[in-house]
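Input: structures, listed below.
Shared chain: subunit A. Partners: subunit B in the first complex, subunit C in the second.
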Partner chain A sequence: MMDVGRHPNIELYTYSEVTHVEGKAGDFRVTVRRHPRYVDEDLCTGCGQCSDACPIVVPNEFDAGLGARRAIYSPFSQAVPNTFVIDRESCLNDDFLVCENCRKACERDAINYDVAPQDVTISVGSLIVATGIDVFDPYTMKTYGYSVSQNILTGLEFERMLNASGPTQGHVLRPTDRRVPKKIAFVQCVGVRGENDCQYCSLFCCMNSVKDALLAKDHAPEIEEITIFYSDIRAFGKGYESFYNRTKERDYIKYFKGKPSKIVEDPASHDLTIYVEDTLTGKPMEVVSDMVILASAGLPSSDTLKLADVLGIELGQDGFFKTEKENAQLLRSTKEGIFLCGCASGPEDIPDSVAQGSGAAAGAEKYVADFRLPETEEEITPIDVGGPPRIGVFLCHCGINIAGVLDIETMEEYVRSLPNVVHVQNDLFLCSDGSQKLLQEMIKEHRLNRVVSAACTPRTHEPIFQETCARIGLNPYLFEMVNVRDQCSWVHSQEPLLATQRAMDQIRMAVARAQWLEPLEQKEISVEGSVLVIGGGPAGIQSALDLDAQGFPVTLVEKEKELGGRLRFLDRLLPENVPAVDLLQRKLAQLKASGVRVFTETEIKEVGGFVGNFEVSTTKETLKVGSIILASGSDVYDPKDEYDYEKYSNVLTNMDLEGIFAQTDGGEALINGTKPKRVAFIQCVGSRNEDNPHCSRICCPTTVKQALRFREQGTDVAVFYRDMRTVGHGAEEQYRAARGVGVVFIRYPDDQKPVVTKSGKGLRIQAFGTMLNDTVNMEVDAVILAAGMVPKEPDTNTFKEMLKVPRSPDGFMMERHPKLGPVETTTDGIFLAGCVQSPKSAAESMAQASAAAGKAASLVCRERIKLDPTICRVNEALCRGCRTCVSICDFHAPELVETSPGIFVARINEALCKGCGTCAAWCPTEAIAAQHFTDQQIEAMLETMLEEGL
Partner chain B sequence: MTEKKTTAKKKTAKKTEKQKFVPKIVAFACNWCSYAGADNAGVNRIQYSPHFRVIRTMCSGRVKPAFVLKAFEMGADGVLVSGCHFGDCHYIFGNYRAVELFEKTKKLVHLLGLEDERLRLEWVSAAEGIRWAELINEFVDQITRLGPSPLSENGKKS
Partner chain C sequence: MTETETKGVLVIGGGIAGIQAALDLANSRVKVYMVEKAPSLGGRMAQLDKTFPTMDCSI
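And then the complex of A and B:
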């Protein structure tokens, strides 16, 4: 949010609404109604004195009604902009009454009650709809008793309760008696999957409850039992299954398959009784719990219908914005130039929402590519940092994330006593807009020439603080950050005294290091304006097309003879059953008409260079590109002798069956030459087991799609599953349809796989059905194995080494951050698209490919980028030219230069040096300084740490 | 009788002192894997021992023998150097260099007369929060069992 708020090219209209749109793609005129805040944005400092003076108290929407706010308020503590707003519905001031307490309280005269809404018209090339979701209010559903008991909360309400800045400061408290509950129950699928007229699956609720169960216990160790009542646990995303498995190991978390029929509150004790069928024994059961959390569904956001009308785009049956059907484009609406991302088109989890945001931006850029703004750089006069160090230390509470464990007051007092510290201050959220401004003011006021913050991790927040310093002219390398949250308060929360001691030591060490910090200047390098896409499947093609549409030169390299990847072997695609062949043909035609250079039967031999300047040698030619998108795909798991796959020709995989369906040309599918009377699907083959713990995400939707296809030709279908994970647009609806047309779903236990044996011409499948509490024997003509996806070998490993991109524990390529950087990698300028990162459907792969294209575009559209100056430098006076550094550097950054006859010294190429500091560690004469991590800086930390002891 | 009592008292005193021994441990963590792994432990709220202090370096290859020697000279009871797993290094072979350098460091520490167990080189990836927590716990236990370093104030006293 802060990045958006402070970006020079982003104009932010909050508290505003789009009321009218005219024109077409590339030339829209949009009318925006700006609702009055009654508080002047430029004058308001966010001090909150107005709020303190306000006599009105109403429920706070941001805390889902659990907390309270005044009629004049700031929506939440990290709001951007941090300007207060008056809710005129509850404000006392109207034509008849006068209160004006807030106006009187405001020292800056920022409040004006007589402001009218203002209409602004803007011209834009494209529009992106990111209107999110609303949460279903279970008030009307009598079954769950939400309207009767205060101790029943929705998932969102509980989420606020767990939040450090929420209404209970992160304490888990039962609303009726404010005691810590001993037993908590989660009820999944409230208001979805057939309830409340919602057929779809809300997608994020399972993992949200799984996570909250874990967090609740962390926040309140007194909790003895957490029961999760579920239909299917949908841990489908990257890393979700292993997270879910971890929670299963906790003995206080119980998973219980079953859906409560009613929840009743005891009027005296306010305890809740949950009536549910024990699906293992078929007998009714009663479970008593102190609190119940309803995993309430996500609904289309309230104004979706109105907005669809204004924008002239269609809605789907589920009430969300409809996506473009023909090309399976999840990010395009039904109107050209209008894009969708996140939950606007249906419930999504955070990683996919974030990726979709970048993807929608890539699509939208096509219409504005000619209007790129030149990068403007403000002239900032640097602050003179000479003289003795004047250090300012800023301590962040991070709500109660830090302050709930560490004793900030003691820390503050202690820090004041440290050498050269001239200013110490603490703040609720140091990263908030207001606090960052305050930090700048303090730098000026106290003439600080070093700044130390004790907050979260430098890995995410150092750049924000550095930029804040840089904006008022303090060299950003004079900033130092101490991690007292992720590596202190969060991990030593059981030992607050020792945690505070550790925090104080680490701050003292940082202050000692700060004395030795030096201002560093960033060097600029030029950027090649072209992109290489590795892999010609749907993801690679989509990335290439998106980049080409924006006018960037793109080269697409494919190892195989033909483009299309796995798309070539598929029948119809989810969610809209578009024939894969048709989609591929259209994509190939687009590719042909585009300016993308395509190399098939070409392999990558070597990758050199760095961000903006990669040199890639292929078996065809050598390329110079600014960025690389890796879309090399995945493999389908080969079951080998599992279920006698290799032995019997009527044991197939989903993939084999896709091939058969694709060949039928709309006719009947034959297996071994005959039309099968009855088939069985077995789910989770090669997934969710010890060797491959991940869930492959696409197998359940694929099985359901194929089952429906079989039913069309009269074949009976049974599906043996563990959890039906029909995730993705339209998949849950298909699952319901499959059950409607007589597909039998039999749930087998996690530790008891079905057994397939030969029986005459056909096969016999034997499995224990947990819902039937009995063993099922079934004669079938064919068994279809839902074989999951696995990383492609040896390609994934080759690219890992070539591109220096690490792999996740599941073996797929690792993204920079699951939520903050889902398509980026740890290597600048290299992005991931499609199944190489994690299993996905073709439509999902293409959406992610657009995201990678968007990220690559934002890099190669620049002519120059700034390089990190934290690299190594040689003090030539000390260098003896021994060649040690030259021989150990794997990036060939140092080279020997003859400065005068016979005298050699090492020099380091700044563009090649990565700043690892290895050469500085090896240099026998200590001639090399690893800038920002110099010997003095590190030794100063060691000295102060060990002098004063722990 | 009195003598016995005093010895017993001394023993108890010594015992309590030993129980109270809180090791001083320096952990060098590389920015890309181990430091990120430690952050990961935080995100997952994994609880572990606070008896160590972290120094972040860009690469485990940056940790030169002089840093480790300085730490021991100044009384550290244990030093941990942690980097990326082989093949995971952000600088490709930085951790291989770290191993080569570490071999030298180990010999020098040995010359100081310190137990080899006081110095460790380990690998923790960005995703291994649990491993980081376990490693710290285990190392703190190990050093606590070893007792104070003979070069430290505590060690000289005893």
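And then the complex of A and C:
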């Protein structure tokens, strides 16, 4: 967020809307109306005195109405920009009344009530629509009593309640009596999936409730019972199923399958009675709870209709923006040059939203590739850091995340007494825009040459602080961060005194280290402007096409004889039932017309080099590329003898059936030469079990799609499932349609798989139906196993070694960050696309492939990149050339160089070195030093730690 | 009415998806105009307390 606010290439118009668009792809003219904030952005410091003076109190939208704000306000502490705004709807000043309290309170004279809206015209090559999602308001639902009882909250309201900076400062309190509830109930699918509701699935609510159930107990250990009433738990994304499994182990969390019919509040006690059918016995049940959280559905953003009109793009039946149909492109709208991402085209979870943002950027870039801005760098005069250390220490409250446990005042007093500390300050949110500016001012005012912050995790926030220092000329490596949130206040929340003591010890160590910090300079290296894409399935082809469209040289390598990957064996593709063969033909035609160099029947032999300068030898030729996209796909799970798959020819997998459907050419599908009268599908074969705990995501939508095809030809269908996870655009609608045409869905218990036996020419399937509370016996002509996806072997392991990209616990390739870096890897310059990272549909794979292309483009569009200087260096005078470092480095960074005849010394490749320090620790002559983690720095920390004892 | 000269990309919406799109474009040396109807960036994700499974702060 802050990165956007301060990026030199981004012009930000907040409190603004697009009112008019004309022109076509490559040449749009857009009118943006800027609504007046009535507060001057240049003058406002965000001090908040205006807000304190304002007499008007209204509900705060940011806190979902649970908290309050004034008529002049900043929506939240870390808002970007940090300028206040007057909500003129509730402000007292109008033609007849004069209040002007805020104007009088503002010391900088930043407030002016007479500002008119301003129209700005911008010329752009393309547009990206990322309008997000609104939340269904259950106020009108009579059955759930949201309008009657204060103790019923929506998921978003509860989320704000859990937030340390929210209306209750993170305390879970029952609104009517402000005491901690003993029992909480979550009700899923509110506003969706019912008879009169939206037909789609909101996708994110299941995991949100699962997470909130865990967090609620963390925040209030007094909670005794949390019940989640669900229809299907849709833990479909990467790592979701194992997270869900972890919550099932908690004895206070109960999962109850069933959708409550009504919720009634007792007027005296304000307790809530939930009426629900026990799906095991079929009997009505009443469950009493102190609080109820409604997992409210996502709705199209309120301005979707208006914006569709302004942009001239179509909406789908669900009210979201419609995606391009013919090529199953989730990121394209119905008009060329206008792209969609995140929830604009339907509910998405965070990783997919992030990936789609990158993917839409890659698509949009094609239209402005000739208008790239020059690589400019601001000239900043470095601050002189010579002389004795002058250390500034900044203590962050992180709302109550830190200050709720640690005694900040005591810490501040203690830190003042530490050697070389010349300034100490505390702040509610050190990461907010205003506080970062203040930090810069303090550096100047107190001539600080070292900065220490005691705040949250360096993993997400160190780069922000370093950038803040760098922007005023303080070398970013003179900044040191202590994680007193994760390591003190969070883990020791029950021991505030000891936690405070520990925080003080850690800060003392950081201060000791800071004295020895040295400024480091980033070295620049050149970048090859080309990209290698490994794998010629839908993902690989899409990445290659996107990069080619932007003018980058691309090589696509496929080990098989033909391109297309699994697309070659599929029938029709979700969400729009486009024939896979047609899509593939179009993609191949595009590829032929493009400048992409394609090598089939080619394998990767070796990958050397580093970010910007990879050297890849293939069985055809050796390539030099700046970046690599890995799109080598996954395998379909082979059931082998499971359900006698290998024994009987009428036991098939989804994939086998796709092949049969694809060859019918619109006619009837035959199994073993005859049209089946009745078939049964078994879900979760090879997924969600001990060997493969992950959910394969695509099998439920595929089964539903195939069941509909069978019904078209009159074949009866039964589906044996655990949770129907019809995830993805249009899939839930198809699930509903399948039930409408008589497909029977039978839920079997997690620990009791159906049994398939031979019966005459056909098969008999026996299973316990949990919703029927009875055993089902069914004679069928064929059984279709919904076999999930598994990592491709041995390819995945080969690429793990070759590219130094780790694998996740599920065996798929690991992304840099599950939420914020879904296509990047821990190896710079290497990106992931498609099923190699986790199971996905073809459309989803292509969307992610665009994201990978976008990431690769941002790298190779630059002539030079900067390297992280926190690496290891060799003092060649001390090096004996013993090879220890060469043999232990996982990244192949050190090599021996003959400096004079017979004399070898180690040299470390700066681009390959990760700065882990292993070689520095092993070096017998202490010739290697880890920059930024020198022996001196670490010894200083240890000494001061032992001095007073932890 | 003011005019702008460079041809860039317009991103409508300053939530997590829009922010990611804008940053990627800007880092690819493309001029980005971001329009957000609310007074601040952040969208829905900024309203969330923590995100699973890493439990990182949403902001």
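The definition used in the following text is that the second predicted complex is superposed on the first by the 899 of 950 C-alpha atoms of A that agree within 3 Å, B and C clash if a C-alpha of one lies under 4 Å from a C-alpha of the other, contacts with A are read in each partner's own complex, and residues count from 1 in each chain.
As a working rule, a contact is a pair of C-beta atoms (placed from the backbone, for glycine too) under 8 Å apart; a residue touches a chain by one contact, two chains touch by 3 or more.
What you see is a predicted model; the values in this text were computed from it and never measured.
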**First (subunit B), second (subunit C), both or neither touched by A:Ser493** = first
**Prompt:** Just subunit B (first), just subunit C (second), both, or neither: which does A:Met945 touch?
**Reply:** first
**Asked** Hey, is it subunit B or subunit C that touches more of subunit A?
**Response** C
**Partner chain(s) touched by A:Pro347 [first = subunit B, second = subunit C, both, neither]** = neither
**Asked** Where does A:Cys431 make contact in the superposed view: on subunit B (first), on subunit C (second), on both, or on neither?
**Response** second
**First, second, both or neither for A:Leu215, with subunit B first and subunit C second** = both
**Asked** Which partner does A:Gly917 reach: the first (subunit B), the second (subunit C), both, or neither?
**Response** first
**Request:** Check the residue A:Asp890 against both partner chains and state whether it touches subunit B (first), subunit C (second), both, or neither.
**Result:** first
**Message:** Quick check for you: in the superposed arrangement, does A:Thr457 touch first (subunit B), second (subunit C), both or neither?
**Reply:** both
**Request:** Pick one for A:Gly686: touches subunit B only (first), subunit C only (second), both, or neither.
**Result:** neither
**Prompt:** Can you pull the subunit A residues that subunit B and subunit C both touch?
**Reply:** 214-215, 457, 459
**Prompt:** Which subunit B residues qualify as touching subunit A in the complex?
**Reply:** 22-24, 26, 31-32, 35-36, 38-39, 41-43, 45-48, 50-51, 53-59, 61-64, 66-67, 70-71, 74-76, 84, 87-88, 90-94, 97-98, 101, 125-127, 133, 153
**Item:** Partner subunit C, residues of subunit A touching it in the complex
**Value:** 1, 3-5, 7-18, 27-28, 30, 32, 37, 62, 64, 74-76, 78-81, 83, 85, 119-133, 156, 159-160, 162-164, 166, 170, 207, 210-211, 214-215, 239-240, 243, 301, 303, 307, 341-344, 348, 350, 353-354, 356-358, 360-362, 364-365, 367-368, 371-375, 398, 401, 431, 456-457, 459-460, 817-820, 854-855, 857-858, 861-862
**Message:** With touch defined as at the start, can you tell me which subunit A residues reach subunit B in the complex?
**Reply:** 214-215, 218, 457-459, 483, 485-488, 490-495, 498-499, 501-502, 505-506, 509, 800-801, 804, 806, 808-809, 814, 826-827, 870, 888, 890-891, 914-918, 920-922, 930, 933, 935, 938-939, 941-943, 945-947, 949-950
**Request:** Could you pull out which subunit C residues touch subunit A in their complex?
**Result:** 1-54, 56-57, 59
